[in-house]
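The first chain written gets the first letter, and so on, giving A, B, C, D, E, F, G and H; residue counts start at 1 in each chain.
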Amino acid sequence: MDRKRLQRLLEDVRRGKRSVGAALDELRDLPYEDLGYAKIDHHRSLRQGIPEVIFAQGKTRAQILEIADRLAAGGHDVLVTRIDREDADALAKRLTGIQYSERGRIAWRKVGRKPGALGRVLVISAGTADQPVAEEAAITAECASCDVERLYDVGVSGLHRLFDQGQRIHAADVVIVVAGMEGALPSVVAGWIEQPVIAVPTSIGYGASFGGLAALLAMLNSCAAGTTVVNIDNGFGAAIAAVRILRRKTSKASRR
Amino acid sequence: MDRKRLQRLLEDVRRGKRSVGAALDELRDLPYEDLGYAKIDHHRSLRQGIPEVIFAQGKTRAQILEIADRLAAGGHDVLVTRIDREDADALAKRLTGIQYSERGRIAWRKVGRKPGALGRVLVISAGTADQPVAEEAAITAECASCDVERLYDVGVSGLHRLFDQGQRIHAADVVIVVAGMEGALPSVVAGWIEQPVIAVPTSIGYGASFGGLAALLAMLNSCAAGTTVVNIDNGFGAAIAAVRILRRKTSKASRR
Amino acid sequence: MDRKRLQRLLEDVRRGKRSVGAALDELRDLPYEDLGYAKIDHHRSLRQGIPEVIFAQGKTRAQILEIADRLAAGGHDVLVTRIDREDADALAKRLTGIQYSERGRIAWRKVGRKPGALGRVLVISAGTADQPVAEEAAITAECASCDVERLYDVGVSGLHRLFDQGQRIHAADVVIVVAGMEGALPSVVAGWIEQPVIAVPTSIGYGASFGGLAALLAMLNSCAAGTTVVNIDNGFGAAIAAVRILRRKTSKASRR
Amino acid sequence: MDRKRLQRLLEDVRRGKRSVGAALDELRDLPYEDLGYAKIDHHRSLRQGIPEVIFAQGKTRAQILEIADRLAAGGHDVLVTRIDREDADALAKRLTGIQYSERGRIAWRKVGRKPGALGRVLVISAGTADQPVAEEAAITAECASCDVERLYDVGVSGLHRLFDQGQRIHAADVVIVVAGMEGALPSVVAGWIEQPVIAVPTSIGYGASFGGLAALLAMLNSCAAGTTVVNIDNGFGAAIAAVRILRRKTSKASRR
Amino acid sequence: MDRKRLQRLLEDVRRGKRSVGAALDELRDLPYEDLGYAKIDHHRSLRQGIPEVIFAQGKTRAQILEIADRLAAGGHDVLVTRIDREDADALAKRLTGIQYSERGRIAWRKVGRKPGALGRVLVISAGTADQPVAEEAAITAECASCDVERLYDVGVSGLHRLFDQGQRIHAADVVIVVAGMEGALPSVVAGWIEQPVIAVPTSIGYGASFGGLAALLAMLNSCAAGTTVVNIDNGFGAAIAAVRILRRKTSKASRR
Amino acid sequence: MDRKRLQRLLEDVRRGKRSVGAALDELRDLPYEDLGYAKIDHHRSLRQGIPEVIFAQGKTRAQILEIADRLAAGGHDVLVTRIDREDADALAKRLTGIQYSERGRIAWRKVGRKPGALGRVLVISAGTADQPVAEEAAITAECASCDVERLYDVGVSGLHRLFDQGQRIHAADVVIVVAGMEGALPSVVAGWIEQPVIAVPTSIGYGASFGGLAALLAMLNSCAAGTTVVNIDNGFGAAIAAVRILRRKTSKASRR
Amino acid sequence: MDRKRLQRLLEDVRRGKRSVGAALDELRDLPYEDLGYAKIDHHRSLRQGIPEVIFAQGKTRAQILEIADRLAAGGHDVLVTRIDREDADALAKRLTGIQYSERGRIAWRKVGRKPGALGRVLVISAGTADQPVAEEAAITAECASCDVERLYDVGVSGLHRLFDQGQRIHAADVVIVVAGMEGALPSVVAGWIEQPVIAVPTSIGYGASFGGLAALLAMLNSCAAGTTVVNIDNGFGAAIAAVRILRRKTSKASRR
Amino acid sequence: MDRKRLQRLLEDVRRGKRSVGAALDELRDLPYEDLGYAKIDHHRSLRQGIPEVIFAQGKTRAQILEIADRLAAGGHDVLVTRIDREDADALAKRLTGIQYSERGRIAWRKVGRKPGALGRVLVISAGTADQPVAEEAAITAECASCDVERLYDVGVSGLHRLFDQGQRIHAADVVIVVAGMEGALPSVVAGWIEQPVIAVPTSIGYGASFGGLAALLAMLNSCAAGTTVVNIDNGFGAAIAAVRILRRKTSKASRR
């Protein structure tokens, strides 16, 4: 997995700097911390450039707080998604500097890097009700050091509201398009621009939207080539996909 | 069902012009012709303004020919949908004046009314592969005395091709929008214009299009209010819906 | 989109009445009002004959009230669908003249046009439990200046209750048929009459109704040609579809 | 399972007429014949009043012929469903007196009982394309000694064709209603009459019929209480259900 | 629908006993009572032998009470399904003699006919959790004058509990089999006995039971020929299907 | 079912030790206890090595307590799955020695056999939120006398956490792998080891997880041959499957 | 993955027996052979006790033959599933000793181990049409050195055919139950016996069987605890699951 | 859409260089060529950096050839996906220099840019049968001037084949992962590396793979954050998504 470290380890063994047992131990002693019910991966930010994120849904409050504690203790940023106000309040009492977005259901505390270093992410949403998902994407991207712009309520039933914003749209490095109901907006955007478009279906709708299935299928079948899709309501995942794109660009550029 | 005819019948009974038995007979002797495997409804064109149409799929060639024969004998137009070339050739041998569209899989022979009397129907299709369904709609509407315009291959991945045709679009009385894959086009059209929009999902696509389900769900969830939808690949039904709209308008206007 | 306005704009530029920059600004300055989380389209009633409607589901009360405020300030009708009693009460405190239907979950306040100008819409419902959706359709159509008749609880398990009402049914310009469970009523109605029939499946049912899927599929597969369908429980959309039909007729007639 | 036979067996053992081993053997020696790939149940007609029927789909021609041979050798009727013409021809060469319906895809040879002994079954079908399934039901019922009437092509888009046949419908003991597409006909029939109604959805349709799913769901959600449903295209099963109903009636009556 | 009444009506018109207008009125004046939101069909018990039943789900308490009132006033039995305790208590305050089963969620009050006149219905259920549906079937059948036996908790994971009850099973005229989860019990029962078997899938289960879909599909695909199926959790419908079977038998027998 | 017992019974009848009537009685008197709403199978632990287990979901508290009482009175272990805290508290008041796991929603009381006699079961779970299902499996297996190891939070997004535990994994006799979301973990484990792998999909996830459907389908389509699957969230079933495997091994070994 | 080999490798490096580069090479040189389009895993039989099996579906004939060649060259058994007669004939020309089962669509050639070493597998199938899947399971198990018994055509519509075979059933170590349609047979078997039961749904059926979905869901929802399930038609996977169970037992026993 | 061109146009109008009519004409005269059934977008490569691609499925041969002709005449690359050998042969006769991949079902002819200019795309596939989709992706990316590496047959059932290729994997700029069946491979890859991962589900599999649905759902639910997904079998779309990512990087870098 980490070829250089493995190579160094083997060199050390060859040179007698480490015993075989120690080498085996180190291989076992992988960079995570075991809480029993959870294994915290402190080195993920090294491996993927993304700190370990706490997905609160399905976890008890005690678990959320303990994992957050350990991440904070490790000097990492803290980012908790799908967290309700009560749990966020408890978290804010435990750790200083926690911010909370009720619409986006995200709590976070940033250490380190200044915003905007990676590039510009534009988050477009189709309807007012899609905003929670859009905010989850926007705040996650901000926490991962992106410059984030928001363009909300520009659905396909009145496309002049979208086409009016060409300048902002063309200035973005990556565009995240959030839409429920018929999920048509990503196709329109991706048919218009050349940048990467990440489509996020939302569960907004009723009846034959089937919890976001209609929007999801529409996005997967987009006739605008090169549109990619994440799970329904997965604003977080879209932001991380954008970060993967921007980090690569930045890291390669800096290598030149 | 036919109040006037029933009233006349009752009057005749009251006046002794008809016996009770004859009245019962006439009530039984409803206006269809029984071929055993099919009951031809000769009076549908009176009742609904649409001649009985032969849906060829699932019928044997012999059945298609016999039903067509009887309709022709009744002085009606003949319109056969979902008919393949072999059956259409056989039909053309049986009845003179049969026309056939291989793309639209429709065979027809018109008697009477001049085209364009009802109003203008615009058929828009998203992709080249959607044409068979679009043609089924267009030819059906022409057979039902509509003025039909076609605007093909104007999908959402390049909307300038659509917006460029504003004049033709605004001139239509009813707009039929045919699209497969993500089915986004009807939302864009219906968000732009004020006329009735009938959306036809097609089975064009692959993978998560699930035989047109993706397009169907998208159209049902359209954020452009007032979009109505027919079955997947049902170009015929869309045309008849347009005829229902236009006939009402015409008939009411003529009554004034 | 608005060819005449564009033409005028270009003329102004040609004549030097407007600078290029001002023209660009005006093109950007499209006729909506930006609240950040929502973009209110004040000119939709010009473009589509339907005022912007507030779909309350998924919006906070503060958002509902602010959007309603702005619409009222713009001199528009206010129509809020899927709104519960608490939010409707709050709305009634903010704006005078608000009416509320708890069954239909609609709140509205009309300015202007007298009822009945557009034509007659008949709303038929199959069962008592389908009434909320039927009322959403009926009240929306009334707000859009239609003459509305209601014919409720005439499901297919006792068709004599329906056939008994032939006169009222034949007098309608557009018929909206609302049904849950097996969704068979629109087929029966559309097989009987010649007018446009808009079918609205409802989520009424249990078990294999799968939230209205059974009724939706039945309506899409109707053997009565020319039936069109809207989303499950979408009484609002059916009414707007009726308005599209009736407005076209009226506007064309008035043009003669 | 067969209490009397078990009682007799136990009596024989008690009286020393049979050894324990022989009794065990007899219990093992159940009334079927083992062909290795199939176990023919010669006594099913005793147990259920229905001879073992060969469902040809998925069986090789050799298997069909051998099973038919054994049934014939056992003096039973032969009834083969879902059999194509080639296999039926081969069967007719093997056994004398085989009849074949290509539409219904059934081959049969009756021994014994005169038709009509059990009661009257009415088979109603909605469209011409539904006939194969209707014929499968009708011929199966005839083979099981029912009096069968057929009433075809009376779908809900023209209900006068159905209501016209009240006398024949009210004379039936059991009514089988076969319909594809929206599957509404059983609801209309069951809402009108008091007899048992067995609904058979067919795979006739396209698009959102999803291979008969639409019709199946509609029938399961029928608002006409007491409608029962069998599998898509299962004309055979509907006929056997009718036989179960009629046999019970007959057997009880004869017991009085 | 009612040929004799129609004949009499026509005779009266012919003889001058009724004017044409009065005849038309009478045709319109069909035998139901219009409450606006509901049309009560007082003559259904004549037409189908089943009194109009109130399905409480989706109705307001006021509606339930008013409809029950009118049925009682018409001298009919009152039977309310899917009614919770609060509404049942209110009903009991309005009408004397109301009985309520909380498990079965049914309230009823019987007038007239003595139990057991029609025949014997056996209700079998697979698991303890299936009892509410089984009770809905059992009580409905009792209200419709059937002799009802219950055999509960005899699922396929321990078939000796079922096979042990052969005598009771073979004594029934109609067998209703209620099962959730894998829905296998009806196949086992129908493969064993010759009587009509009505299978009722329940929503009991979790995960891949998908709200009863697994049981429903299993029952539709039963390899025991002649099994018929009703909607998920539809104990009421199963009972009415049994009544249709038993009434026919009884009425025919009495005609002899 | 129980050949020896049947043989003995027949012998007794032959020898005159039992009358035919008594034999019939005994056949009827099968080893379960009838509570009306439930039939307790006291001999299941003889037949299957698994005591009857109470699935609490869908049962009333009174039913749970009474069944538990009877099992305890019969000297059996008590194991109640899907039981919430309130019912578990009531159970603990009724029976001494009840233990309860809130996460696993299981209550139990063991009599007899010492732990670990059967073999070693390893329960692996992918995420923290999958623990309730994992605990249901682990505790059930412990109650059935298995030696249980737990390895939690080792999902495929960081496989080093899994590969690090090779020794513990290879030491297990049976491995149960619990995973929600994409359900990939069982494929990775089964591709790595030679032991039986039982995959348990969980309902953990959101959006296109569709209540665990995504994980279920992934596990059924595993490219690692020989993976078997149980229902979504069915930790209990997985444990019993493991017991079936281990009991067979043990019983055969002891027979040697 | 292979701790001992890794340990040895590290020891060699420590002792200078291998250079770091050579160690890295060996780690890369994992035990598979790269054909470009396929990577043959020669050591899988070491790792999992199952030789690499060729799944022919989706592979060209040339690919099948080349992979088989390499496996044979490596001294392994050859087992090809889902292979049609033409490809099997080509294979038989290439390699001597190939056997082919047209029903099971399997071709194989065994080297080495004598049959029956691992234990006894009983393959039960519900209907004649399920045999291809049952044969795929049976032949695979035979190739993997199991003793295989077959019990075919014992579906739940006539359970006496099953219960009659108790002795053979109880003698098996693992039972594979293959069933299409309603998929009820595994529940009946698993409710009766104590051994591991592996359920294989088949795609046999029509209509609402939805390609085996009905059987699959039934098996996943089995009320007989501890039933495990593999993919639809996956006879091969069921056999490998049985082998995993039997190998573990054997290997542990031999370790004692 | 093209702000600069619009600005220039307005300037020309202002300066009197163009009449208003001519400006309107030019706006209408958008950069596509109208063949009636298709509108070729010659400027897409300017707008999106991707030449117009011909999706052959659903088009007649004549249409494919004519569109290809026009693209070639416009000096563009020709790329035709989902094209079978016969149509490709016909294309090769029409245009010189056509290459064809039968596995990938792609035909192409490149003009201009040298390979590798954009960056490195790694295409990983899980099984041999997934290669057609992988090749569609690889060849498309090559046509769009990417450097493409292929890593095939490295599915999760033997992950050592994947982990062995760390160096090649870490060297890629974008990774496309193609997998059918359980679709687990993208999660494993994305959990390991930091680059953008585009997951392509394939329809490879059978039974509960439901045409690729299982793989699609697994990928959408990936626990490895930032994985994005395209439609089933959409190798082309994945390649274009990669091109969007790489072009942005390149164009921004060149702007510096």
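As a convention for this text, a contact is a pair of C-beta atoms (placed from the backbone, for glycine too) under 8 Å apart; a residue touches a chain by one contact, two chains touch by 3 or more.
Note that the structure is a prediction, hence the values are computed from the model and not measured.
What's the farthest chain from chain B if centres are computed as the mean of the Cα atoms?
Max centre-to-centre separation from chain B belongs to F.
Which of these pairs, B-C, C-E or B-D, matches F-G in more than half of the residue pairs in contact?
From the options B-C, C-E or B-D, the copy of F-G is B-C.
For chain A versus chain D, what separation do you get between their C-alpha means, in angstrom?
Going by mean C-alpha positions, chain A sits 59 Å from chain D.
From the C-alpha centre of chain B to that of chain G, how far is it in Å?
Once rounded, the distance between the two centres reads 54 Å.
Just the number, please: Cα centre separation of chain G and chain H in whole Å.
Those two chain centres are 38 Å apart.
Do you know which chain E residues sit against two or more other chains?
1, 127, 158, 192, 207-209, 213, 216, 220-221, 225, 231-232
Hey, which residues of chain G end up touching chain H in the complex?
1, 27-28, 30, 32, 36-39, 41, 44, 55, 57-59, 63, 201, 203, 211-213, 216, 231-234
In the complex, go through chain B and note every residue touching chain A.
126-127, 155-159, 181-184, 187-188, 190-192, 205, 207-210, 213-215, 217-225
Flag every residue of chain F that touches chain A in the complex, lowest number first.
127-129, 131, 152-154, 158, 160-161, 164, 204, 206-209
Can you list the chain D residues touching chain E in their complex?
By the definition above, chain D touches chain E via 1, 3, 47-50, 53, 163, 166-167, 173-174, 192-198, 216, 220-221, 225-232, 236-238, 240-241, 243-245, 247-249, 252-253, 256.
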